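Next come two complexes built around subunit A: one with subunit B, the other with subunit C.
Moving on, here comes the complex of A and B:
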């Protein structure tokens, strides 16, 4: 155990849960890349690189950021939109976890229980989850890793996600500002 | 705090699907909506996979539109036809295991009281006759005996509808069903009477023949459960699929039964009556002699 890597999919139908393969969550101040524990800044740089290198980068904001009107949440929303604008990403919301059957419009929303449909339809190659409750995020991330080739990023406000290709923990607004600054810096260097 | 979860973060208004924009602008949150307002606001349940003519769906839609505070309500459901509609509901809901819905609701209500001591958080159980009176009867009864501040609603279609038509405790005596071919050989359970004896402070028996009455009773029940104790509503919701009726005929059956053996009944304790009168939910009863004068 311990050698398992949380790589970009498709891992196949019913992929093993990363936690069952020995992948553990990173501790405070750390982050995860493909199941490895790394420094937070390294993961932030990895996310910035992936976003800038993607063809269809997409942010999936969840209920924890979509349905909040506190000053902190509004600032968080603005930061997410700034980062997405900087990397030219789409923003497709996950407003709640209703299964949305029999159909959804994959251009404007993501079915939490079939996130792969939205990813396939839009040909999304890097997806960033933020503000999605942890239980639903793990489910969606696992489905995406199982059935799509999308590279997944979890900007978790709690302890992170083993199922994501890159996962930050305790992602507060300062972390988002760091990510924004890293993206801008990387863009400048590439130009 | 509660209303904050019904407002959209301004940073995302431009990307939110229309349904959610409508919910935030024209939904029933913080607005005193009732059954008579149906059609004038964005409803919390609009699409569901239940059969055409399903009276459970009619009752469900009516109940949801009558919730006094939808943004502060958690609904606990259980296995049965109604559980197919729950995932489409745009407010908090929990799917309990078959039968333990009143136990889940009891814990939830107690937890919410501790977590939000200064706010009213309503917990409502909505389940079928199988979950309420057969499989979950012990948990239903004990939640009433313990005096939990929850409302229990039974959708009484008198049958296990989504498993093909087995008889339930609520099936009337002698009734033949798809999977009860020799007819039921014991009486329909008198759950409203059990509820009274077990300590429910408000009990009503209604049918889909009168949706306005369903809304009114449900509102009374939720308010009484919030302030005083357990409440119970039993709604007759005939199933056109199992009873082999045309969808359009099911309400007619409900009306027929309402005139025969499913007439409206309502019981409330004196404490509930005082509460509902003081809050303006009902008018004070006038004694016959005083009325004559």
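Moving on, here comes the complex of A and C:
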């Protein structure tokens, strides 16, 4: 049996947790693409390409971005808006983690317990998680991988996510600036 | 030494660089000395033998100022629920229990893991009633294996001391963040004196930072302040089932993620002695010590026997055990319990498990004299090999 790959879905009824299939988190300074450990810059370039190639790219900022009021967090919010504008992405917030079914309005927010609704409703083909608590992010990322064909990206401030198709770790504002610069550079080269 | 003005140090410094001095102490006192340096915010106790002595000593630490808050709960279930509350609020928690106390509190253990609470708990294992017994027996470990907690099994007081000191940083890592149970064979270790190298009293571990938790902790000052772990079972639909299933998978994944950090601090998941011997003993806890004596006795009679000491039960070192037993012709699994949980675990991960000898096993407080193990070795010895 070959190494398990964290591929774009839909994978099936109840996909396994990637960590249980031998996928390990990348160490400091590294990143992950489809479960493989890669250099951080390679993953940033992959994210930029996916975002620019997507029909409905979407950022899902979570509570760690939405509810923070520090200067650093505000700058983080601005960077997310800038990157979104640059790639023409929607921004759909994940303000909390309550299981709000079946009343969720998938047009305006995403719920980690049934993210499929939002993805399907909005026809999202690339989804970027940022500022979502790691447990809730892994839950949602795995459900998305199981039931949709959305390509998932995790911009994690901590140790990263095996459940995402591409995952950065220790994503600080400098990393977001690098992503923004990479997107701009790629757009320029394509033009 | 005062509890104030202690230097905060990393777990790595505490384990591998800090000055140590040898003391002669019981296992329970080793627990006290580890917690003295662990910067624990809150400990909650309900006395049950033989854990009672350890938690009494933690009470002394509270009186001396080393633990910030300490009280006695109404019973074990209350204690484990209260410990959960403290951890949900984002403070470093410690408690201990054993045997019937473990079972009375049981519902809380999978809840701790499911809520991703980084609680460190000591289990000074003892027999399960009935008939009533307060004596050593590791049967409760069989019952805790699938609760979602990490399980380390200490052989002696030194290991017990070191495992406590390393467990907080593993439990509190963002990618792991689940409870850690430190197991030790009650009485055999808790109530006997051994030499233990303890770190000098001028240092303590760095505090827990709940802002790095993978789930929101209760914080009324910072939204989203509601404790958002509503039960899915209130909804009967596919979504709630899928979310619950994925939640369970995520907890199991957290155990897997602990492997590199555990390995770094423990050095290895297993330790081997005489790896090429055709007969191998595999054991954990004090069964390892008894096996060492048995191996010496067998050697005097010309029989070479190897030993594999298992330090972590969850995560279970399946690959390491598979490799270590790849050439073994006979595998003996001495255990201090009736059900043979270690034998079952080993049998489930190795090929040709008809090589295994189930036992010897003692339980209900019985000791395991080395000659009981030697007898099994002789029955299975391949003379002339």
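We adopt the following convention: the second predicted complex is superposed on the first by the 189 of 191 C-alpha atoms of A that agree within 3 Å, B and C clash if a C-alpha of one lies under 4 Å from a C-alpha of the other, contacts with A are read in each partner's own complex, and residues count from 1 in each chain.
To be clear about the criterion, a residue touches a chain if its C-beta (ideal position, glycine included) is under 8 Å from a C-beta of that chain, and two chains touch if they have at least 3 such contacts.
Everything numeric in this text was worked out from a predicted model, so none of it was measured.
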| item | value |
| --- | --- |
| When subunit B and subunit C are modelled together on subunit A, clash or fit | clash |
| Partner with the higher number of touched subunit A residues, subunit C or subunit B | C |
| Partner chain(s) touched by A:55 [first = subunit B, second = subunit C, both, neither] | neither |
| Subunit B versus subunit C as contact partner of A:18, first or second or both or neither | second |
| Which superposed partner A:108 touches (first subunit B, second subunit C, both, neither) | first |
| Partner chain in contact with A:136 - subunit B first, subunit C second, else both or neither | second |
| Touching partner for A:96 - first (subunit B), second (subunit C), both, neither | both |
| Touched partner set for A:158, first subunit B, second subunit C, both or neither | second |
| Touched partner set for A:65, first subunit B, second subunit C, both or neither | first |
| Against subunit B, colliding segment of subunit C, chosen among 76-84, 202-210, 346-354 or 364-372 | 76-84 |
| Common interface positions of subunit A, toward subunit B and toward subunit C | 67, 95-96, 98-99, 101 |
| Residue numbers on subunit B that touch subunit A, as the complex places them | 4-12, 15-17, 20, 49, 87-90 |
| Subunit B partner contacts - residues on subunit A that touch it in the complex | 61, 65-70, 73-74, 76-78, 80-81, 91-93, 95-96, 98-99, 101, 105, 108-109 |
| Subunit C to subunit A touching residues, read off their complex | 116, 173-175, 177, 212-216, 222-224, 226, 228-230, 232, 235, 237, 239-240, 242-243, 245-247, 249-250, 252-254, 256-257, 260 |
| Residues on subunit A engaged by subunit C in the complex (per definition of touch) | 14, 16-20, 24-25, 63, 67, 95-99, 101-102, 112-114, 133-136, 138-139, 142-143, 146, 158-160, 162 |
